[in-house]
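Labels for the chains are A, B, C and D, by order of writing; each one numbers its residues from 1.
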């Protein structure tokens, strides 16, 4: 409603501005009995963290998460998990020139138009710093899925920066290589070329756009509600919520417009137990012979891998000289957005895409009755004589 | 939640299957005092109707809407508008071969996987027939906006079929030409070539994909809630809800990935009262010098035109021979999906895209306090001595 | 949001005014595989129907329901069930004096204050006629529960009219006697005295208040989300939505204010398999020794019967002379609300209370993972080779 | 959905357990431009705080709130306000006997039944400690209303403890006296008798129930959506969410069942500008001659004061010896719930009731377009040249 909540049964509520006191994320709908601690969440936060490499902003945020609730003896209790991440290295001074003079192509003007004011330090709530909350929530969704009876795997990598396009890679290559380089491109050689291109733009005081390819394996068949809560509709909402995204595609995506029905349509065959290792189908199940449909037919999962792409425009904060107007003085002025900014967004957005995908998948699994919303072990409605006693063993 | 509702304050709830008794749509959140009758809605339904040309299915549905509630003496009363559209020309017989043998790339298998059953006639609830409800709701949203103090204009046209791409057209050309031809392409000459291409595929027993470009003018600044309810996020959800869509883009869309920051960024200048007729800005307002941002910055409207594109894959129902498997008999079989089907989707989807855009814009205008959710005239909280008496004059 | 929706996973959306074309109800979240037809729903509608006895309005509404969607071959398909009930006997003429002169203690003034207009015939959307939609939805919830593996039983009866209070009755007596008399009081002798009292008020051109006691048995333990979606909070919302209700209580209700902790607190014992037949507990389970808590502790079900009371004020439509003012003419006037009105509300509200209880219980059972939201048989995510074939056998 | 959210446009999301790290509350939908700091919130938290008198628990919580976001230079920015209140004085040790042996009439058993586990220290999330979040949110709602153009006043007081009933008091007496004594009863003499009664129960190791009467003045006419979001329905949900409540009433409440229509119905007259100072009506407006309807007709506000009562059962934590069973050992045992507990709940619940009333009223005012959800000053959609500059003057 107010834009700070995502998901239905697995539901995150966030707050925080780039230069405010702290970022915060409340996650409701985490089933009880999931092993969870701050370390698990920290791992993903570190992947999104500023300052992790030369191609990311040098802002010095440790991004340390504190869990305030929802956990006992290392396990979730079914009540909401409240998390806080302090902002430690905010330097608002250099944003002062922009209080009444909007930075080109930023959200400065629109936030002021909406609210009549805005938290101008570091972009306030429009800053991508907000996504630290999403990654924290995604880490919880991942923990739930990893400990469930399902074998869901999710991975993303940067498949394009400027005009450099990575060749197609397998899911296994994504898992293996995408975290090996700063660009998070799973094709090492392309990653190097992307890295060079980024350097070039950065040195020119400019920035460049790019794209991420994502894939989810092991998502059960039959998820996604007809029509407005179709899986692609909710996934589209998730991805288009990420700051600076301008396109969402799945399956053949934009290219589907040029393809004939007979070429895109996929026959059905019975799974022979060998030819479809990438799907959830088992021997004897009907299975489509291809996956141009991206794992989704009629807005519902087929059990095939769900894949697609998201596009980012170039970061708008660039040191190059630009022109703006000051609505207080009524004068035009030349500005340079100097600060600590990323020259390209996808490399740090990889964990964000993965997080939103984890949240979306888990939400649909809870809604579709695949995982019990109250308890991971599914024995709902029974007091449990062993439950508390068992916990210590789990921890060993 | 269950996929049958869209919008927050302006909210539609729908039901209906392709071959069920009737389609139904309940629209909550229509302000009181809006002139509305069945005729206004019918006009848009007729644009979506099957059988309107040779390139649409020949199913003979009159698509006549009945309004059951929410209206008195030709004006809305603020209570929900309930509408019903009977299904009159359902012929389920030819779908019988597919009850347990899914049509290639349809929603047959996924619906059965989800529910263990499905309404198999005509695709049931996965059928695009459902969009008749959306167009009815969109017509109401349009009526509200048209009678408000705002001057919102929305139009879409088909800008690509297969590999035939329309040259760029102005908004005025879209308004003038897109309804003149069966393809609903605003560039008449291209429309003819598209028409020929569609014929070619249709005669070959095949189908083809395509795309729609949309634009909304006059949408006020400052609409869109930060983050998960960002304007592009909700618009993305709306568009990706439309059956057979595979990509959503706004502004530079997918191309943004290749553009440098300095090229995409747009300086700010003061509106001189002449150079920006297409925006909502007035003389002296800050205004961006271009609109590569597609009317949305930081997820919030800038007052510039909102534009983007949606991609459709080729219709999956084609007479060409294909292979499927019958999960009851355990046998493979050759099938032909003969019936009354569209060889291409965008021409009939133009009113659907416009409807979802109208609904999305109005919803954000209600949420942002631009239009009062109770009464169009905005004098909330006062009984109105003149209101009933005045009505007849309005009608003259 | 707009007041026309109830429930989360089991969700009804309604429309309709007393003298509009028709009432309508869309029920989303009905699991697939539930045997359902119009007759099942009609049975409950007939219990709420006007004109069923001398103490109800003589308006001649057949209240015949038409199901437009969501059902195939007598079973639900998982898609929304759309229902319509035509209004056949609306006589608006006698409401004309009240268009700009509000009836005492009705919703005339408040609806006009909110919307600046209102559908004045028969009270428009503020009419209790709306509850026909709720009873239709409740009948569906009952069908789902009856065909589930759970043994949920729900019953209500009129336990007070004016100052006549029924003695306490057992649940079995409620089941046996409450439908035997026009008052729907499960204590036959009291029912007669209530009937006499109602006659007295009716003949005097007056009306009288009353109350309903409700009970639900067999509701599983552990339902109800902490805090704002506590079971009593959602049940309270449900009951206070019913027109003309002024109080909601559960367990000791209002009397709890006078009771000491040691008297209200209930010890725990182990169920011996015999002493607690009214609960869901089994031999060896911890079970409270009493049920002053009304089946709810910490906002969550204990497995004991859930019971409580709802109070109705006297109907506001009475033939006795009263005074109002006309905001158009600026004059006071004497009015009599003659028409076809109930002299007392609880007797016809019994099926409404039961319906809202059914809807609330089922919604919590879906949310708590007790019944799968997609399929009653629970085998989600698998296409079902036998499902369609089996159906005919079910029907025999 | 998951029970941790309340409200639609003014929306709180909470987390926290009695003995967890911290309590947290995110408030979305606070319009920009409202003067707000921690001190304003602290004032109300101090009224709810433990240890404030001899009749409240001696737990030593400072209940200091930290605001993490949503505020700049002392004014709200329209983005969510995130708050954290640390738990400092949790002593879980004495709860250990109850881990697998539920305290009588507590939520121990039901939480374990739902989640298979629970945070057993201090009652975990079922503890009334959670209401510290609600009071913090209510303080924000109060700040918004106080700074709006409306003159809304809300007050509650304890009108019954055990069998001691306070005589009727005026709204002015509630404002003047209810905070003067520990019991928060606005009738000083009765407050003393209540105090004696509470002492008596406390000394006996027992506890006692009670009730609160609330009233809201100045709430505009026309608020409340028809049917399921009727004002009394949402208010009922709010009040029945408060721990240990068992009844909600408004207007005549439970007594309405015994009153004849002609006695409860209220004629309409024109406001003469003098006789109705307690309502929002102005000279010449239609106004009801009484207020047995409690400010709500047809589920919508009339502009008359909204009033009602809420009942609390006696606190369940009492030192008297009681019996429970241990589901791990299978044995019965005698227990005493010694700890730091309140002997009666309403005195500390007064600020909680007021908070929920503030939240409910503001939410309806935003939904009804009375206060703009984006900006308190209502000039939505315009960037504001003066807005930032003006702020300091406001502060003087």
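As a working rule, contacts are C-beta pairs under 8 Å (C-beta built on N, C-alpha and C of every residue); 3 or more make two chains touch, one makes a residue touch a chain.
Predicted model, so just to flag it, every value in this text is computed and none were measured.
J.: Quick one: which chains contact subunit C and subunit D both?
T.: Common contact partners of subunit C and subunit D, which must touch each of the two, are A, B.
J.: Pick the pair with more C-beta contacts: B-D or A-D?
T.: If we tally the C-beta pairs in contact for B-D and A-D, the bigger total goes to A-D.
J.: Just give me the whole-number Å value for how far the CA centre of subunit A lies from that of subunit B.
T.: 27
J.: Suppose each chain is reduced to the average of its Cα coordinates; what separation in Å results between subunit B and subunit D?
T.: For subunit B versus subunit D, the centre distance works out to 43 Å.
J.: Just curious, how far off is subunit D from subunit A if you go by their C-alpha centres, in Å?
T.: Result: the chain centres lie 37 Å from each other.
J.: Two-or-more-chain contact residues of subunit A, please, as numbers and ranges.
T.: 1-5, 8-9, 14, 79, 109, 113-115, 125, 221-223, 226, 286, 327, 367-368, 373-374, 380-383
J.: With touch defined as at the start, can you tell me which subunit B residues reach subunit D in the complex?
T.: 1, 9, 79, 220-223, 226, 285-286, 367-370, 372-374, 378, 380-383
J.: With touch defined as at the start, can you tell me which subunit A residues reach subunit B in the complex?
T.: Contacts found on subunit A: 1-6, 8, 14, 101-102, 104-111, 113-115, 125-126, 130, 160-163, 201, 206-211, 221-230, 232-241, 243, 245-254, 256-262, 264-270, 284, 286, 288, 293-294, 296-303, 311-316, 318, 320, 322-325, 327, 330, 332, 367-368.
J.: In their complex, what parts of subunit B are in touch with subunit C?
T.: Residue positions touching the partner: 1-5, 8-9, 11, 13-17, 20-24, 26, 28-29, 32-33, 66-70, 72, 75, 77-82, 84, 99-100, 109, 112-119, 124-125, 327-328, 373-375, 377, 379-389, 391.
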